[in-house]
Amino acid sequence: MSLVAEILVALLLVMGGGLILIGSWGLARLPSLMTRLHGPTKASTLGVGACLIASMVYFPASGGGWSAQELLITVFLLLTAPISANMIAKAHLHRQGHGIDPNPADGIVRGLPRTPGGKDWATFQGAANDPAPDPEQVPPARRSD
Amino acid sequence: MIRRLLPHPALSVLVAVVWMLLVNEFTVGAVLLALVVGVVAPLVTSRFWPDRPKIRFGPDFLGYVGIVLWDIVEANFQVAWIILTRRNRDLRSRWLVVPLELRSPEAITVLAGTISLTPGTVTSDVSADGRALLIHALDVADPEAEVARIKQRYETRLLKVFR
Amino acid sequence: MTPAISLLVAAAVVLPAVMGAASLLLLRHRLDTSRLVSLGSCLTLVGIAAALVIHASGGTTESYALGNWRAPFGIVLVLDRLSAMMLLLTAALATAVMTYAVATGMDRKGWHFHPLFQFQLLGLNGAFLTGDLFNLFVFFEVLLIASYGLMLHGQGPQRLKAGVKYVVINLVGSTLFLVGVGLLYGVTGTLNMADLAVRVAAAPVGDQGLIAASALVLTVVFALKAALAPLHFWLPGTYSATTGAVAALFAIMTKVGAYAIIRTGTLIFGAEAGAAAFVAGPWMLPAAIATTFIGFIGLFAARGLRDMAAWSVVGSMGVLLSAVAVFTAEAMGPALYYMLHSTLAGAALFLVADLIAKRRGVHVDALTHAPRFCQAGVLSGLFFLAAIGIVGLPPLSGFVGKLLILDGVREAPAAAWIWGSILITTLIGVLAFARAGSRLFWKSSELEGEIPTRVLRGRVVGVGAAAALVAALGLLAVFGGPVTAYTEATATQLFAPQGYVEAVLGKNAGGRR
Amino acid sequence: MTMELLVASAIAVLTAAGVYLVLRGRTFPVVLGLAFLSYAINLFLFAMGRLVIDRPPIYDKAAEAYTDPLPQALVLTAIVIAFGMTAFVVVLALRTFLETGVDHVDGHEDAEDAS
Amino acid sequence: MLFLLALLPLIGALAPALAIRRGRNAAALAAGAVTLAALVVLAGMAPGVMDGETVRAGVPWIPALGLNANLFLDPLGLMFAGMILGIGLLIIIYARFYLAAADPMGRFFTYLLLFQGAMLGIVLSDNVLLLLIFWELTSLSSFLLIGFWRHSAEARQGARMALFVTGGGGLALIGGLMILGHIAGSYDLTVILQQRELIQASPLYLPALLLILGGCFTKSAQFPFHFWLPHAMAAPTPVSAYLHSATMVKAGVFMLARLWPVLAGTEAWFLIVATTGLVTMVFAAWVALFKDDLKGLLAYSTVSHLGFLTLLFGIGTPMAALVGVFHIINHATFKAALFLNAGIVDHEAGTRDLKRLGGLFGLMPIAGTLALIAGLSMAGVPPLNGFISKEMMLEEAAHTVWLGQPWVFPVLATLGATLSVAYSLRYIVHVYFGPRRDDYPKTPHDPGIGLWGPPAVLTALVVAIGLAPALFAGPLVDAVAEVVTNGAAPHVHLALWHGVTPALFMSVIAIAVGALALVVHGRLARLFEAMPLPRAKTLFDAGVAGAATLSRRGVNAIHNGSLQRAMAALIATAAVVGIAGFLSADYAGGERPGVPASAAAVAGWIALVTATGLVVLFHRARYVSLIYIGIVGLIISLAFAHLSAPDLALTQISVEVVTILLMLLALNLLPKTTPAETPPWRRIRDGAVACVAGLGVGGAAWAVMTRPLDSISGYFWDNAYSGGGGTNVVNVILVDFRGFDTFGEIIVLGIAALGIFSLLETVGTGASGRRVAAWKPDTVRSPEHHPMMLVVATRLLLPLAVAVGLYIFLRGHNQPGGGFIAGLVISIAILMQYMASGYSFADRRLRADHHSLIGAGVLTAAATGLGSLLFGAPFLTSAFDYFHLPLIGEIELATAMLFDIGVALTVIGAVMLALAQLSRVAQSAEKQPPLETLEAMDVDPSRTPAAAPTEAGQ
Amino acid sequence: MTGSLLPLALAFALTCISVAILLNLYRLVRGPTLGDRILAVDTLTINAIALIVVFGVAHGTQTYFESALLLAMVAFVGTVAYCKFLLRGDIVE
């Protein structure tokens, strides 16, 4: 393997490992779920991506076949990470909005910003073609809003 | 006939490319098989695609992809820096609302995904009428500027890609 | 193995599998065709098994190499006297039960009765034929999962509750099975039972502790299926909660456990196995004697006939395993005969109980007196005979079986205990069944009137199926000579496992690759 | 610290957890326990082929040693079977709960204490 | 001929059952004809037997057991067979006239003939095992006969009691006779009877003797087993007459006689048998005196006379045995006559209560005369046959020393004889003499000849033997005694007059005191009432009920149906037995060098243990434990990947997620928490069991992993490619070497899915239907069903996932992957659609019938296997070849691939069937299913017109 | 320098990922909300993918690629299912 390739692979690995660690460190240390979501969705994704690229560089450089399979994983992660984050955020909004294991650090209990259209966020109101929500169903924690 | 055989030509190409990436060998046989899979996989799953988004795979598309990839890398380092250095009480995390001009669910999803992957923002919800995104920002000094940046940098480009 | 015989051996497992799948695929909504196919499959299996028994009675053991891979690398099916006998027993029982199920229309009470039934037969036949320990596990699972489906057939709260217990405990049992198999593989490096026999015999002393442990863990698993105390808790509830036909079929399920104990105990952990030689015997014997007592004393705890049948299955397993646990050819022959008997007798009793329950309206099979019911005369006769069979009074095969066991174990150190348990529990059984029968049939004649019965399906054929099983007990006694000759020779064959090993691993073994 | 020690102790922990959970009174923890037992036994079976790192059971001209493929095949079969069984028992538990309104394994509240 | 004789009644038993359709006379005629035929056959053989020839017939039945169907007819057998058939014939005639029109006569005669056949079998058997069969058959058939009047509680209880006592004795007899056969080396009586020395010298003699006597004493109603006999009187009188004079109860005495040559003559024999007989004789006679029921009196007198006989055989001298043989005949004749007489009284006067009878002689002279003769014979009054045998008995008793006391036997024997005189006279006097009454329930008069004829025949015998014993009984008694004593019996000239012997004095005393006792009967009765005699029936009933209750309580306490208990028993047993097995043999530690663990492995281990601990600690919070358990599955997948098992890792990963989906689906309808209900001691107990099990399994794993392995796997390496055509050895093992396992495995999966389907198909009915209908979500729910982003993303993922599935499938034979994983991946891809876009959206678009997929999968796999049969190879033999195609290059086609398609189809079918069915249940639980109105996405701005927000916003 | 750099980088990356896994565990144990725990599992799975990839580089083998691919897919499906359950109780409706 050429020195350039080795340095490149090593750098990518160090970067990948570092980003992964930082992402997880963020998960561990940030104060609320919404802030914690940022760490893994970004840092970890890129960290994994870096490792994958390291792998992509490593195999051809070390005499193996050229491989783009790793790219596929990266694409897959880039495709799914926002959805996962969105779903976690929605679940969290829903529970916080209803005051289930409340964690005020996110500002959800204090009140989310209103939507410009007048309808609530989908998690609280559901489909556009649903009838208006029953007042009883309005999350108690958000009524003060 | 072609329409029935290739209900989603772009998807077919995508699947074929993915197949090539998977099998990881560039031979005639592999390409032929990739084409077959590219036809078959969308065909058997076409029933799950009731609507077909119209996408222009032109320079706008490539430009958008390039910008997003760059932003992802940049965003990651930004976030990493914040995680490593910023004390919790100094975090200016807040909610942003991005009103949307995009109407197609596919386009909105792409925008939302982009927002999540790029600096310090996570798309948390969409409004029930689909006209606004709820975004959580990790550390934002000026919310209006951030919303404007998102709309200008991503949404306007997406408006050109999705017709 | 001649081509014809190998075809028959393969057919014994392939036929029910294909019939099950076909009836699932093609006949899901066509009950009549399903029934024909199912019955046809059962009858064909009887024919196949009979041919195999005749062939096996020649005394040679033969192996069939699946996939044409030779043992111990591929999986082999092994035909010897024991496996042939078990196949025939299964097929005969299945035919009677299937006839009964079709005649009484119980196959319509839920989904998928016929595919499940065929898959159950597949599991049983596979378990009896396979010469590979892990494959035995797989077929145990096949027969168990099919039995879960059959056990729950028709559902209802009681059955569901009992089903949960039955399923869960067997799942834990399956886990234990894998512990035993895995340990044995980890120590010996093989899974083929004949090869295991060779390797266990040749194992260094330092490995014998682990081998003995695996032998005992496997025995615990098999004993769970065989309802050996204290692993019998699941049985009474399960058997009395399911439909009569299924319970009757389940009479063979406990025997699978006994079969596996016999097979592994004589082949792998036989005389040559060093510290593991017959290591299960000393543990099993007291447990078996306790099981005998528990089963027959349990008859008094029964609230209904089906309960009684279930307890008597426990009791008869105790008797059977008492003889097995001695691990001598003299006792094994009688045990095998008793196995034939107790399977048929248990099944007969379940069918009779079911017939009675169906005719007593709200009283079902409860041991209370209630007005006369339809066909009471013939059913009381069948009950009397089935009870005689189960308890072991003459002239049916139960008595012969018990005499055989008493005779067979007389040289065993624990002979007095076995004798005592068998004789005393017979008396307990007599008393319990006399009480039950007198209450059901005699005391009820004090009451006026007759229970009106809805249009009953299977008045003749259903009763006929039960009667056929009872008649089989008689035939088993009348033809006790040839049958015991077969079982005696089977026992001899079992205690000379070199023949089995040679058939599987020797020059003439199957498998060209 | 060897892998053998880690794997053996993991098997022990998983088994213990599984056993503890299958001894609970409600169907749901029992199902969890079965899942744990299944994990434990899969690892156990696998371990019976001994532990080998980076010698996958696939022909490779470069490799001079391989792992034992047979236990892997056995574990695959065991996983599939355990999956089928778990699915069945989960549904059975649910069905029984819906039928009886009780999710106790004995079909009623604690029988063992009642006696 | 002997077989014919033995089988005639048994087979003939069918005749009355069949003949009853033609009427009661036909049934009786059939029964009588059968008996008569047997009697004729017997008569044909009698001369030969009397000449000392033993008629034999035999076929081996179960040689393995030594159970031979060997019959022999010697004088002892002849005597008994004659009584059984002769008295049997009389009883049949009598019963025809005795039984009421309502009684099911066909059944009665069938039972009677069965019983007759069983009795014949006992006396003809030359094989003790065969004899045992008949012995127990008498118990069974007598059970049916005693319980004949099933509506009567006494009949039922009497029948059960008889069955229990005599059947139980029979079981003891089984033990005894089998020991005897064991000692003698054969179960054939002829052989056993030659082995006196061997038997009496054996250490097993005493156990055998005790067990055999257990059988004899119960059958012959010896004290303290006598209590069943009086209760058996609930049977119709013909039955009583038959069972208690000549047959059933004599079976025990028969056994004493039959085995006399090998068992008698020892101290133990004498002490047990003679003492029991003596006690029984006196005790029962005393009780008989105070029985007011005619049949009760006769029952106790029977017990007494059986004691009499037992005593005689117990004394152990040949002469005593000879007297026993003689008295068997005499007792049969007078006792049968008396029973029949009691039946006549009952039939005609409508009562059997001595207190309500009296003075019947004038009304019923024939019956009275017969009773007088038979009764006096029973009393031992000359010149009747009872007198002769009683005299001879007293003579024997007079010479018997009991434990060094010469007075015991004479005194007690005389007392017995005295009481016998008393109750016999009471029978005669209190029924037939004294003042005539006007309060009989019926108007008594002599019955027809059908009823008095049979007793008359017997009474004639009583007189005949009494007057000319040497003529009518002499040769027979001689011959029988010869057999019983194995030739030791003296030749005695039976005669009425024996001269002035001690016995004569004893007789005179007995008759005088007995007559006196009748005079003071009233006072004696008060004395009897005052004596607290344990009531056997009460004791027996209480005993049985107590035992039943006790066993019910005990059994129910142990078998409370608790799965937890069963589970604890299973696991504890496995742990204890397994560990004990391990410790019982040698163990040597392994030498295999360990694999060093990396930091990542340690981190994984910590994660695994932490997650496991979290599940155990927080298992009551069900949802969160599902999150925790996800980690466990993940780490195990990683471990597989790390430890060179990529296929396993793939499988574990995909199975894991499907399992989690399944559990979440189920949890939706289940309670979300587990109540805290286990007491601490149980948790500690369970924890201890868990730790032992964990240590056991973990320890075993450690022990194995640290030793080297010599496995068969080398063969797989050598042949996977050349013979199986694949480079992924695990896959080749799965689809080829061990394809049969996989075949079974997919069937398991298919059946599981079928089971799930069957379980859930009925969820909408019955109790569960009501529960589902009343179901309310127990969590706060967001109104949004199908989030937009999720829907869009999963649509894009679907074709990609399908491509991945195909890829994994195609390469499985050579690289990690294969049909099972591919099937799961595709299933997951489809399930993703179900989750994101909803059940109805996905289900409508997925037109596959899951059942058919399973069936097709199994059939494909089976067909692949069967294909090889066409080429003469065994089931599941694989084939593969490489083909060179232009442009594409070399491709491999293998049947294993086809097999794998079967696997994949089954997996998809099973997973989809199970999960779709499960989610369908949740759908039916929703009150207002929003499915039909909603599109896949809840939020879809492209559907909403531009102006909509402001309108909808208000 | 060739030959020692890569092992060092690999060791560094593996150590980082191992520590990251422990940090995920910390979040899993601490919570406090269910969302945190789901996120912890999701992140742990992503980290596991990295672990497999780095492991593949360390051993010079691509045999484990599919495991990583499948994990990516499964992490997504699992997370969605967990969240859907919290939102709706019913994950398929």
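Going by the order they are written in, the chains are A, B, C, D, E and F; count residues from 1 in each one.
The rule is short, and it goes like this: a residue touches a chain if its C-beta (ideal position, glycine included) is under 8 Å from a C-beta of that chain, and two chains touch if they have at least 3 such contacts.
Here the structure is a predicted model, which means the values were calculated and not measured.
Most remote chain with respect to subunit C, judged by CA-atom centres, is B.
Seen from the Cα centre of subunit F, the chain whose own Cα centre is farthest off is E.
With A-B and A-E as the two chain pairs, more C-beta contacts join A-B.
The geometric centre of subunit D is 38 Å away from that of subunit E, both derived from CA atoms. Taking the mean of the C-alpha atoms as each chain's centre, subunit B and subunit E sit 73 Å apart.
One inter-chain figure worth recording: subunit C and subunit F are separated by 49 Å, centre to centre, where each centre is the mean of the chain's CA atoms. Each chain gets a centre from the mean of its Cα atoms; for subunit A and subunit F, those two points are 13 Å apart.
For subunit F, residues that reach two or more other chains under the stated contact definition are 14-15, 17, 19, 21, 24, 34, 38, 63, 69, 73, 76, 80, 82, 84, 86-87. Contact with two or more other chains is made by residues 134, 138, 141, 145, 148, 152, 155-157, 164-165, 168, 172, 179, 183, 185-186, 191 of subunit C. Residue positions 18, 22, 112-113, 123, 126-131 of subunit B are each in touch with at least two other chains.
By the document's touch criterion, interfaces exist between A-B, A-E, A-F, B-E, C-D, C-E, D-E, D-F, E-F. Of all residues in subunit E, those touching subunit C in their complex are 60-67, 129, 132-134, 136-137, 139-140, 143, 147, 150-151, 153, 155-156, 159-160, 163-164, 167-168, 171-172, 174-175, 178, 182, 544, 547-548, 551-552, 554-556, 558-559, 561-563, 565-567, 569-571, 573-574, 577-589, 697, 700, 703-705, 707, 709-713, 715-716, 719, 723, 736-741, 743-745, 747-748, 750-752, 754-755, 757-759, 761-762, 766-767, 851-852, 854-856, 858-859, 862, 865-866, 868-869, 872-878. Residues 76, 79-80, 82-83, 86-87, 90, 94-95, 98, 100, 117-119, 122-130, 133, 137 of subunit A are the ones that touch subunit E when the two sit in their complex. Subunit F contributes residues 59, 61, 63 to its touches with subunit D in the complex.
Remark: subunit C residues 134, 138, 141, 145, 148, 152, 155-157, 160-165, 167-168, 171-172, 174-175, 178-179, 181-183, 185-186, 191 touch subunit D in the complex.
Across the complex, subunit B meets subunit E through its residues 11, 14-15, 18-19, 22-23, 27-29, 32, 37, 41-42, 44-45, 47-51, 100, 102-106, 108-109, 112-113, 123, 126-131.
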